[in-house]
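The two complexes that follow have chain A in common; it is paired with chain B in the first and with chain C in the second.
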Partner chain A sequence: MLTYIIRRIILAIPILLGVAIISFLLVYLAPGDPLAQFRVPNVRPEVLDRLAEIYGFNKPLPEQFIGWITNYVQVWNPDAWGLSITYRRPVLELIAERTPATLLLMGTSLALTVVIAVPLGMLAAVKQYSWADKIVTTFATIGYAMPSFVLGTFLLYIGAIWFRVFPFGGMTSSLRVESNPLDIAWHLALPVASLAIQSIAGWSRYIRASMLEVLHQDYIRTAKAKGLSANRVNFRHALRNALIPVVTLFGLSLPALIAGAVITETIFSWPGLGSFGVTAIGQRDYPVIMAFVLLGGIAVVIGNLVADILYGVVDPRIKY
Partner chain B sequence: MADRTYDDVTQLPVDDTEDIDRTEVRSYWQLARRRFVRHRLAVIGAITLAVLIIAAAVVPLVVENATGVDINKSFAAAEIVDEEGNLVLALLGYSRTGINMFTQLMAATATSLMIGFAAVLIIVFIGVVIGAVAGYAGGWVDNLLMRVVDIALSMPGLFIIIAFVAFWGASIWTIILAIGITGWTTAARLVRAEFLSLREADYVQAARALGASPRRIILRHMLPPALAPIIVAASLGVADSVVLEAALSFLGFGIGAEQASLGTLLNVAFEYLNREPYLVLFPSIVLILIVLAANFLGDGMRDALDPRQRVEQQ
Partner chain C sequence: MTTVSRSVGPLLEIQGLKTHFFTQDGTVRAVDGVSFQIGHAKTLGVVGESGCGKSITSLSVMRLIERPGKIVEGSIKLNGEDLLDKSDEEMRDIRGDQVSMIFQEPMTSLNPVFTCGEQISEAVQQHTAASRREGMDRAVEMLSLVGIPDAKRRAREYPHQLSGGMRQRVMIAMALSTDPDLLIADEPTTALDVTIQAQILELMRDLREKNRMAIMLITHDLGVVAEMVDEVVVMYAGKVVERGDVRTIFGNPHHPYTQGLLHSIPRLDERVDRLEVIKGTVPSPYNLPTGCLFKRRCPFRMPICDVAPPMRQIGEEHTSRCWLTPAGEAPEVGADPTPEEAEAAGEQLTVEPR
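What follows is the complex of A and B.
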C-alpha cells in the first residue's frame, strides 16, 4: 500500500510540472508589459534595465520558469509563492487565511449530499418506476440541468429578497464581532443549499443507476430466495456494493473541496478560495492566479489518489 | 413480423420459400433514425433545440432594433405589432428601461448558441486529431498524448477560461477559443478508446495488408465507426459550452452588453435582482432548456447510433 502511494506521488510529479508550465505560460504569454507601470518619461532606461534584471525578465524563458518553480516548491518559506500584488502580502498566507471558509462551505455541502443523496438514490432504485422514483429522477434531471449561477440566483432571491430570512452574502454579519457559530451557520445556509442541491441531483442519479445494476445480479436473487427480509437484502447485500462506485464521485468532489466553488462563492460573496481566485483575475494579481492554478492541479491529483485508495478499502477484491 | 413483404415470392425459383428471411434490408442510418424516433424525450429535445435555433436566428433579423432601449415603452404590455404598425414581437412585454424582452432574449440565445456550436467545433477537431493519433499510433505517442490529457484534466477549467479571456480581452472569439482549447479531453479519450479497439479489428488489418496508407485507414476505415461517440459527445459539448460561456459572462468576464449572451443578461439581471427580479427568469429558462434538450438529444443519439441496440419489431 505504502509503495503504491509513493509510486502514485512520483507519477503525479510530471503532471504537476505540466500544470505548472501551463500556468506559467498563461501568465507569461498574456499581452502586457510587466514593467508598464515604470515606463514613464522620468524613469531612465538604465533603471528599467536594472528592474528587468532584478525580476529576471531579461533571462530566457526556461531559466525564468526554473527560477519560479524552484521557489515554488519551498512551501516552508512563507513567501515561496510570491507576494500578492493587490495585498502586498505572501500568497501562501492569503491562501491559508481563506482555506477554512472554503473547507467549511464545501465540507458541509458534501456531508449533506452524502446524507441525502444515498437514501434518495436507493429509494428510487428499490422502487423503480414508482411515483417516488419518478419524483427523484425528475428532480435529479432538473437539478443537473440547472447551471450553478442560475440556482444560486434563484435561492438568493427566494431566501434573501422574497422571504427576507437569510442574509445576502458574506460569512458573518459584522467584520468586527468575533465569529459566532450560529451567525456563520445562518450565512452558510443559502450557499450550502445551492451547492448541495446540485450535487444531490448528480449523486442520486448515479447511486440509482449503481443500485439498479447491483439489484439485478444473481446474488441478490439468491439472497431473496433464501428468505431474507427486503431490508436486509437492500441494505446489507445491495447498498454496500452499490456504494463502491460512489467512492469515485467522492474523489471527484475533493478538488472542489480544496479549490472552492468559483461561481457559488462569488454569488454569495463567501470569503473562500474560489471567490479569491476570481477577484485575483479581475485585479491581474498574477502571483495569486498562478498559485491558484497550481493549487487546483494539486487538489485534483490528491482527489484521484484518495479515490483510488478508498476504492481499495471498500472493495477488497482490488489489490495494489 | 409486419415488415415482411411477399410481393416477389412467386418469382423465386425455389420451392421452399418459407425459410427465406424477407425482412426488409435497412441501412445503418435508417435503423438509427428508427431507434431515435422511438426515444420520445430525444425527439422533444431535438424539436426544442430546432425551435430555439430558428427563433434565435430569425427574430433578431425580422425585428428592427431588437435589443434597443425605448424609455417610453417602460413596462409596456406584450404586443406583436406596435402602434405604428412595425413588427416588434414583444411577446414578453417591456422591462423597466423599455427593452423588448423577447427579442433581446432571442438575440442573446443566438450569441450563446453560436459560441456553443463554434466551441464544440474546436473541441471535436482537437479531440478527434489527438484521439486518432494516440489510438492509431499507440506506444510512446499514445503515452505522451494521454499524459497531456491528464495534465489538461488536472487544470481548474473554468478558472483557466476566465483568466485566458481576462488577459486576452473578452470577445466572442477569445471565448470560443478558451472553451475550445480547454474542453477537448473527453472527446480525445473517446476517440482514442475507439481507435485502440478498431486498430486490431480484422478489416483494418486487412486494409493494412492490402497496402492502404495510414491516412486512408484512419479517414475511411476507422473514423466512420468512431463517429457515434463523437456525435454524442458533441451534442453534450454544446450544452457544456453554452453553460461555460454563460458562467463567464455571468461573472462579468465575458462579452459586454453590445453583443449580450444569456450569461450577460443574467449578469445584468443579478444586479437588479432586488428591483426587477423578473429579468432573471427568461434567460434562466432558456439556458435550462438548452441543457435539457442537448442532454436528451445526446442520450437518444447514443441509443440510436449503437448498432447493438435492436429495433424491436412491432
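What follows is the complex of A and C.
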C-alpha cells in the first residue's frame, strides 16, 4: 500500500508539470496583460518598461517559465509563489488566508451532501417508482438543472430579502468582532444550502442508480433467502456494495473542496479561494491565477489518489 | 413445529400453485396450477427447459417472488402449515432455517464485500441465539463439513479468493448451517465444470444422509436427476406434465415431452450421428396454444389435443398430462374425454375433425 502511494506521488510529478506548462501558456496567450492597468496616458513608457523589467515580463518565454517553476517548488519560502500584483503581498500568504473559509464552506456542504443524499438515493432505489421515488427524482432533476448562479441568487432573494432571516453575504457580521461560530454558521447557511442542493441532486441520482444495480444482484437474493430482514439486506448487504462506485464521486468532489465554488462564493461574497481566483482573473493578476490553476491541478491529483486508496478500503477485491 | 405434523403427511405439499407476472405486455402464467409433494428426507427432481417455471416454483416456496410477479392461487404447505398465510416476519424465520436455498450462480451469489465466514455466520446468528463468535465457529465447522480444506483460513477469505466449486460449497455450507428440513437447490451444478459437478452432487448426497433433509432439486440435467432423486416432476410451460418415481420416468416415460427430453441425452453405449431434438421451441408465454401446451411440438398430435388434457393416472404413483393411453397409444378414434376429465381441463370440447 505504502509503495503504491509513493509510486502514485512520483507519477503525479510529470502530470503536475504538464498542468503547469499548459496553464502558464494559457495565461500567457490570453488577451490583456498585467501592465494594462498602468497603460494610461499619464504613465510614461519608460515606467512601463521598468515595471516589465522588475516583474520579468520582457524575458523569453521558456526563461520566464523556468524561473517561475524553480521558485514555485520552494513552498517553505513565503515569497515562493511570488507577489500578487493587485495586493503587493506574497501569493502563498494570501492563499493561506483564504483557504480556511473555503474548506469550511465546501467541507460543510460535502458533509451535508453525503448525510442527505445517501439516504435519499437509497429510499428512491428501495421504493422504486413509489411516490417517494418520484418526489426525490423531481427534486433531483430541478436541483441538477438549475445553474448555480440562478439557485444562489434565488436563495439570497428568499433568505435575505424576502424573509430577512439571513445575511446578504460575507462570513462574519463585523470585520472587527472575533469570529463567533454561531455568527459564521448564520452566514454559512445560504451558500451551503446553495451548494448542497445541487450536489445532493446529483449524488442522490447516482446512489439510486448504483443501489438499483446492486439490488438486482444474485447475492441480494441469497441474503433474502437467509431470512434476513429487509433493513438488514438493504443497509448491510446492498449499501456496502452500492457505495463502492460513489467513492469515485467523492474523489472528484475533493478538488472543489480546495478550489472552492467560484460562482457561489462570488454571489455570497464568501472570502474564499474561489472568489479570490475569479477576481484575480479579472485583474490579470498572473501570480495569483497561476497559483489558483496549479492548486486546482494538485487537488485533482490528490482527489484521484484518495479515491483510489478508498477503493482499496471499501472493496476487498482491490489490493495494492 | 409439532412432532405430530412432522410424522404425518409430506414435508412440503404444493397444491394448485399459480404464480403470474403482470407485465405491460400481458400476464405471464409462469407457474400455472402446479401441484406436487416432497416427503421427509426425500429428493424430488424438478425438470424442464429454461422458462418452464421451475425456478419460479422454487422462489414461490421461499416467497421471494418480486413485482411484477405474484402468487395468485394455491397453497404451499410445509409440515402442514400454509406458507402463503404466513406474515412476512414469520416467513423470514422459516427462510434460511426450515427451508434453505442454493442458487445456480456460485460466482455471483455470494456478497463480494463480506468474508465467507461472515456470510455463513450471519445465517446462523439470524436463526439461533448464537453470538458472533459462535456463528464463526459454526461457519468453520460447516466449511470443513462441505470439504473445504483449511476451513479456518478460508472462513476469513472473501468470495473472490475462491474458485467456483469452492464458492458453491460455501453456499451449501451456508444453506445447511441451520439444519433445514428442506433444501431447494436451483441448478446447483449448472455453472460448474463436470468434475466439480460430480463432487458437489456427491457432497449433497452425503449431507442428505447425514442431516436427513429433503431436497428439491431443480435442474435441466437429466443425468443429475438419475443420480440424485427419488421422484421426478417434469414441467412444461408453467405446468407439471408428468410425475412419477425416477425409475418409472426413466424406464417408462409417458408424456411425449418427457420422452423427447430423454431421447435428447447422448448415450455412451450407442453411436449416433445426430442427437434427437424436440422440434420447435417453448411457446411464447404471451401466446400459449389452446388445449395441450405441447401439441405444436408433439409427434403424436391428435385432434383431441385441442382440448387441454388433465393430469391422468398412468400407473401407481405415475401421472401424465397427455391424452395417450397408459400404454402410450392413441385413444380410440372418436373417444371423448370423460366428463370429469373435460371439467378438469376446464375447456369446451370443440374437437374438429381434420
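Going forward, the second predicted complex is superposed on the first by the 290 of 320 C-alpha atoms of A that agree within 3 Å, B and C clash if a C-alpha of one lies under 4 Å from a C-alpha of the other, contacts with A are read in each partner's own complex, and residues count from 1 in each chain.
Definition applied: contacts are C-beta pairs under 8 Å (C-beta built on N, C-alpha and C of every residue); 3 or more make two chains touch, one makes a residue touch a chain.
Keep in mind the model is a prediction, meaning the values are calculated, not measured.
Of the two partner chains placed by the overlay, neither chain B nor chain C lies in contact with A:Val165.
In the superposed pair of complexes, A:Val293 makes contact with chain B only, with no contact to chain C. With both structures placed on the common chain, the touch criterion links A:Leu25 to neither chain B nor chain C. In the superposed model, A:Gln217 lies in contact with chain C only, and not with chain B. When the two structures are aligned on the shared chain, A:Val150 is found in touch with chain B, with no touch to chain C. In the superposition on chain A, the chain among chain B and chain C reaching more residues of chain A is B.
By the touch criterion defined above, A:Val47 reaches neither chain B nor chain C. Put simply, chain B touches chain A in their complex at residues 147-148, 150-151, 153-156, 158-160, 162-164, 166-169, 243, 246-247, 250-253, 263, 266, 269-270, 273-274, 277, 280, 284, 287-288, 291-292, 295. The touching residues of chain C, when paired with chain A in their complex, are 62, 64, 92-97, 100-101, 103, 105, 108-115, 122-123, 126-127, 158, 160, 171, 174. On chain A, the positions that touch chain B within their shared complex are 14-16, 18-19, 22-23, 26-27, 30-32, 141-142, 144-150, 153-154, 156-157, 161, 255, 259, 262-263, 266-267, 277-278, 281-282, 284, 289, 292-293, 296-297, 300-301. Across the complex, chain A meets chain C through its residues 217-219, 221-229, 237, 240-241, 244, 314-317.
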